[in-house]
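Chain naming follows the written order as A, B, C, D, E and F, and within any one chain the residues start at number 1.
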Amino acid sequence: MKMIHIILYFLALLLSYTSNVTSSVNDFCVANLLLPNTPSGYPCKSETLVTENDFVFSKLVPGIPISPFNAGETSASVTNLPGLNGLGISAARVDIGINGTVPMHIHPDATELLIMVEGQMTAGFITPAKLIVKTLNPGDVFVFPKGLMHFQLNSGVGKTYAFAAYSSTNPTLHIIDYLLFGNNLPTPTIEKTTLLDYAQIKKLKAQFGGSG
Amino acid sequence: MKMIHIILYFLALLLSYTSNVTSSVNDFCVANLLLPNTPSGYPCKSETLVTENDFVFSKLVPGIPISPFNAGETSASVTNLPGLNGLGISAARVDIGINGTVPMHIHPDATELLIMVEGQMTAGFITPAKLIVKTLNPGDVFVFPKGLMHFQLNSGVGKTYAFAAYSSTNPTLHIIDYLLFGNNLPTPTIEKTTLLDYAQIKKLKAQFGGSG
Amino acid sequence: MKMIHIILYFLALLLSYTSNVTSSVNDFCVANLLLPNTPSGYPCKSETLVTENDFVFSKLVPGIPISPFNAGETSASVTNLPGLNGLGISAARVDIGINGTVPMHIHPDATELLIMVEGQMTAGFITPAKLIVKTLNPGDVFVFPKGLMHFQLNSGVGKTYAFAAYSSTNPTLHIIDYLLFGNNLPTPTIEKTTLLDYAQIKKLKAQFGGSG
Amino acid sequence: MKMIHIILYFLALLLSYTSNVTSSVNDFCVANLLLPNTPSGYPCKSETLVTENDFVFSKLVPGIPISPFNAGETSASVTNLPGLNGLGISAARVDIGINGTVPMHIHPDATELLIMVEGQMTAGFITPAKLIVKTLNPGDVFVFPKGLMHFQLNSGVGKTYAFAAYSSTNPTLHIIDYLLFGNNLPTPTIEKTTLLDYAQIKKLKAQFGGSG
Amino acid sequence: MKMIHIILYFLALLLSYTSNVTSSVNDFCVANLLLPNTPSGYPCKSETLVTENDFVFSKLVPGIPISPFNAGETSASVTNLPGLNGLGISAARVDIGINGTVPMHIHPDATELLIMVEGQMTAGFITPAKLIVKTLNPGDVFVFPKGLMHFQLNSGVGKTYAFAAYSSTNPTLHIIDYLLFGNNLPTPTIEKTTLLDYAQIKKLKAQFGGSG
Amino acid sequence: MKMIHIILYFLALLLSYTSNVTSSVNDFCVANLLLPNTPSGYPCKSETLVTENDFVFSKLVPGIPISPFNAGETSASVTNLPGLNGLGISAARVDIGINGTVPMHIHPDATELLIMVEGQMTAGFITPAKLIVKTLNPGDVFVFPKGLMHFQLNSGVGKTYAFAAYSSTNPTLHIIDYLLFGNNLPTPTIEKTTLLDYAQIKKLKAQFGGSG
């Protein structure tokens, strides 16, 4: 940790102190990202330090496609849009190249609302009782309820993209492949708990950076 | 009320009964819009009646501009996208014509997240302590915290539109002009509680359909 | 910032540390107002420092009438009654002089419950679908649901006062006039987003301290 | 159950159906007390049936003193002020006669905020770690945090009364004496779980209507 | 649907009506499982019909081992313990035979707390940033945070069992294998969104009852 | 306070700072017990410092019987199982010796779910409207709804024990005897607010350490 960080940290603490004796923060609670998070969100930044830039994120650019899925995401969440703190919402842009896919994944703490803009996607989510799959075109809005496993496929002829809104200020992305094959969970444990074959696991561990 | 509605209603009740004895509804709670709402949302539709269409709204078309503001909104909320029930999120498309505006308004129960797509908007919200105003371009994401008075102006040369996400399944739109001038609240009461001039109130009551 | 404040701040931090290693704070969480707020409320003061005075506010005196409305409010909220922290409730006393009014306003984060004590008030709130107005006398209890625009008028012959309870530990008061006319939001922007006349806006900006 | 009740019930259901197909209930959810409660509150009454009287309770008169405590309470809760439904707040008036007391009790689901109006009360609450007791005079506001055992004594020379606000739409009153001595819990069980003497228990059971 | 069910249903509605006009349900809200669920839980059963049996479930017997995992679970949730309604908690007993496993799964809406009773389990959960694995013995309590993928292995020499508590009244069990291979999601879609091999998918679809 | 504690404290602050600039804490928020609690729980420990031991508590041993009740409890709550932070659940083991009892008590902020393992208990809770008592045997699961007064008796011939789960990360135990007789609340105040006899109060104050 650089000394400059320590200095910034105490500066942050002192500034938050200043604000608290002069005004109460209430109509909003902009995240002070230099202080530790809490279960309800980050401590509030001093109101006197809040500017219009705390409420805007300006680079919701196309997501850079990640190999091998040929899809990418750009996010506007509390860490780059601190005005979202405590408000339970965030956004992203999801781009899928030709023949690409957003692989099977879960957002453990967020419902996702997908707003189709261009191209065609086939989206689906899975519960023990239901398989819900729908082909989406521009103007379609689709909801993936909180915590359910879901995926998207580019099912059109060109590129496709959509905006996504989440019911969390900082949703996490749990791609099944990375969970299973991107760490050092022993292959026999994976075999036993998924019934996948040994060779299959080894092959995917090689692809997703896992060992063990 | 048409007899067909009464029949549909009892059918709805009976069908929800059927589902409850055979399966539990848990991973989602699709709104049964025929039963009365509750503070936490609509009662759940029988899981056996749920289809993929309950999770999609297919007409998030451009909003038809409303006079005199030259702006319009199309919404995907729980009443037309029943899969949103209980999930605390919804979406809309906001279109503003040349020189148009989304007038001063409030969503009493929702934060709004604006995702700019085309043109240029100037957006702002107001608290007793802060005036936050920002000019937005495509790729910008702006947050209006819950319950705060806000507005948008088309500040570009052509049309402009954005998508909006809300932290509520059915946000309501409280336009200040309609609240003050669109009902029969007596003019002297408005004068006294806003300090607006009598003539000004009468002029706007004429425009927004108010009387008294 | 005075040096004494910095010293008090570190003292506060150290004392909260002391308490955390010796006892857990659970049955209540009295606000440590020297530390930054969070979305769920202030960090808890050390239980060993908590006294009966943290749970009482002793000056809910008549509100001093503010010109030109001839009404005033005194509040018991978390900033002067720190025992309220995390409990979602607070109180106030609302006094309206003869011919006075509590102007059109909103509490973005709180329902208000009005308990009439003396005199007569006419209270109302407005939604796009309903205008609710009621004349209240001592012994009447009236509810303004969360986030809705509302007002009160002294409709009796003498002074009137009521107690108010709020579903928030620190409700904010958003008077429409101060939001629209008490800052430097440009007059053309207000014209466009409210349809109020230029002269009307200028007149009220002069009254409420706004510019632009 | 009278036939008239059955008819009213189906009428209520049908009317709630009518409203749901014509308008959405959102800015408020007035309790339909004829339908079963839910964990989040009562189903909403049809908006077309809502009137200003749903938001007012007009008889917050002095509580009739109950023997032997010489104290009484009048409540404005969701069952007589249905506009409170889903809003998490309610009110009461608490009157204590000369030498009277509000006996040891608990509100399992509500914080209580006491606003002193007349006379003098000594109020207190108890946790395993702290005993908080305070003498209150008019203008004092005191908070009893949620779920804690508390009491009030008239410690002045005349009558005393206060208003109370609760963080629940329908707080329940659990007086320790009624819980322990007002039912048929066997005396040996009470002896064992409280270490009170047999004779003491029998004496209080006689007073509070208990048997066993 | 049998006629007897329809009759029971109307009986349930009528009985809930009876209770609502005679008493308010507040200290608890026992589920009326015959009425449709809501996002906050089931409507409350009439308090006059509530008995001690609504608060007890008497068969938390060893779970019957399910092939091929050699593990089984018995649950006490709101559908068989209706007193849990609205209280956000439930329980289960988890038994794992020799060499058995609770396969990779997710509870989308619940944290799980595991209380070890007999034998030895190795438990783990996975996030993109962390792999947490721990061998557990009787007396150990382990927490799987809400929505995270997790598993248990019998890592001892004999049978093993534990009790589980969940932060939901009706947690659902999403076993990855059943989500991926137990329905008719087309094999090419699974291939593309998981990168599993075609033959592997076909093999597991055969095992878990999937087609397509 | 020892100097080592002060050093540890600043170390904790610095480490939490380090983590916040390098990674976001989201899938879990392990309690940093060195920083002050908040209404939503403790600030999060740096993710880089989190280990598997933060999610396990290894000593849920039999509770040591406390005189005179001959019952004891061991708890796994956020203070010794910091991974529970923000997750709303915790556990305990409750042991009751022959002829012993868990005396009348309340958990103001938690529902309790009792999972019977050995022996026989009679458990009960009390509301103004209902007395619920049930004899429990191994395999029974019983729920004490949040905030209600309850008790357990060993009603079998040998020792008995159960596991308990709570809907709170740090439930507090309010034993009626300790609240009434374990502090310096004046005997006349207790007499007046409970109607217990003077001699009875004095006798129990002697037993539970109270004075006054």
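Everything that follows uses one rule, which is that contacts are C-beta pairs under 8 Å (C-beta built on N, C-alpha and C of every residue); 3 or more make two chains touch, one makes a residue touch a chain.
The structure presented is a predicted model; accordingly, all values stated were derived computationally and were not measured.
Using the contact threshold fixed earlier, the set of chains in contact with both subunit C and subunit D is B, F.
When every chain is reduced to the mean of its CA atoms, the largest separation from subunit B belongs to F. When the CA atoms of subunit B are superposed on subunit F, the rotation angle comes to 180 degrees, reported as a multiple of 5. If you average the CA atoms of subunit B and of subunit E, the two centres end up 36 Å from each other.
Mean C-alpha position of subunit B lies 26 Å from that of subunit C. Once the centre of each chain is set as its mean CA position, subunit E and subunit F turn out to be 25 Å apart. Residue positions of subunit E touching 2 or more other chains, listed in rising order: 27, 35, 38-40, 108-109, 127-128, 133, 146-148, 172. Pairs of chains meeting the touch criterion: A-B, A-C, A-E, A-F, B-C, B-D, B-E, C-D, C-F, D-E, D-F, E-F. Per the touch definition, subunit C reaches subunit D in the complex via residues 23, 27-28, 47, 50, 52-53, 55-61, 76, 81, 83-84, 87-91, 111, 113, 115, 117, 125, 127-130, 132-134, 136-137, 139-148, 163, 165-167. Interface residues of subunit B, counted against subunit D in their complex, comprise 1, 5-6, 9, 33-40, 79, 108-109, 170, 172, 174.
Of all residues in subunit D, those touching subunit F in their complex are 68, 101-104, 106, 108-109, 122, 124, 126-128, 131, 133, 146-149, 151, 153, 172-180, 182-185, 189, 192-197, 200, 203-204, 207.
Those residues of subunit C whose C-beta lies close enough to touch subunit F in the complex are 13-14, 16-21, 24-27, 29, 32, 35, 38-46, 85-86.
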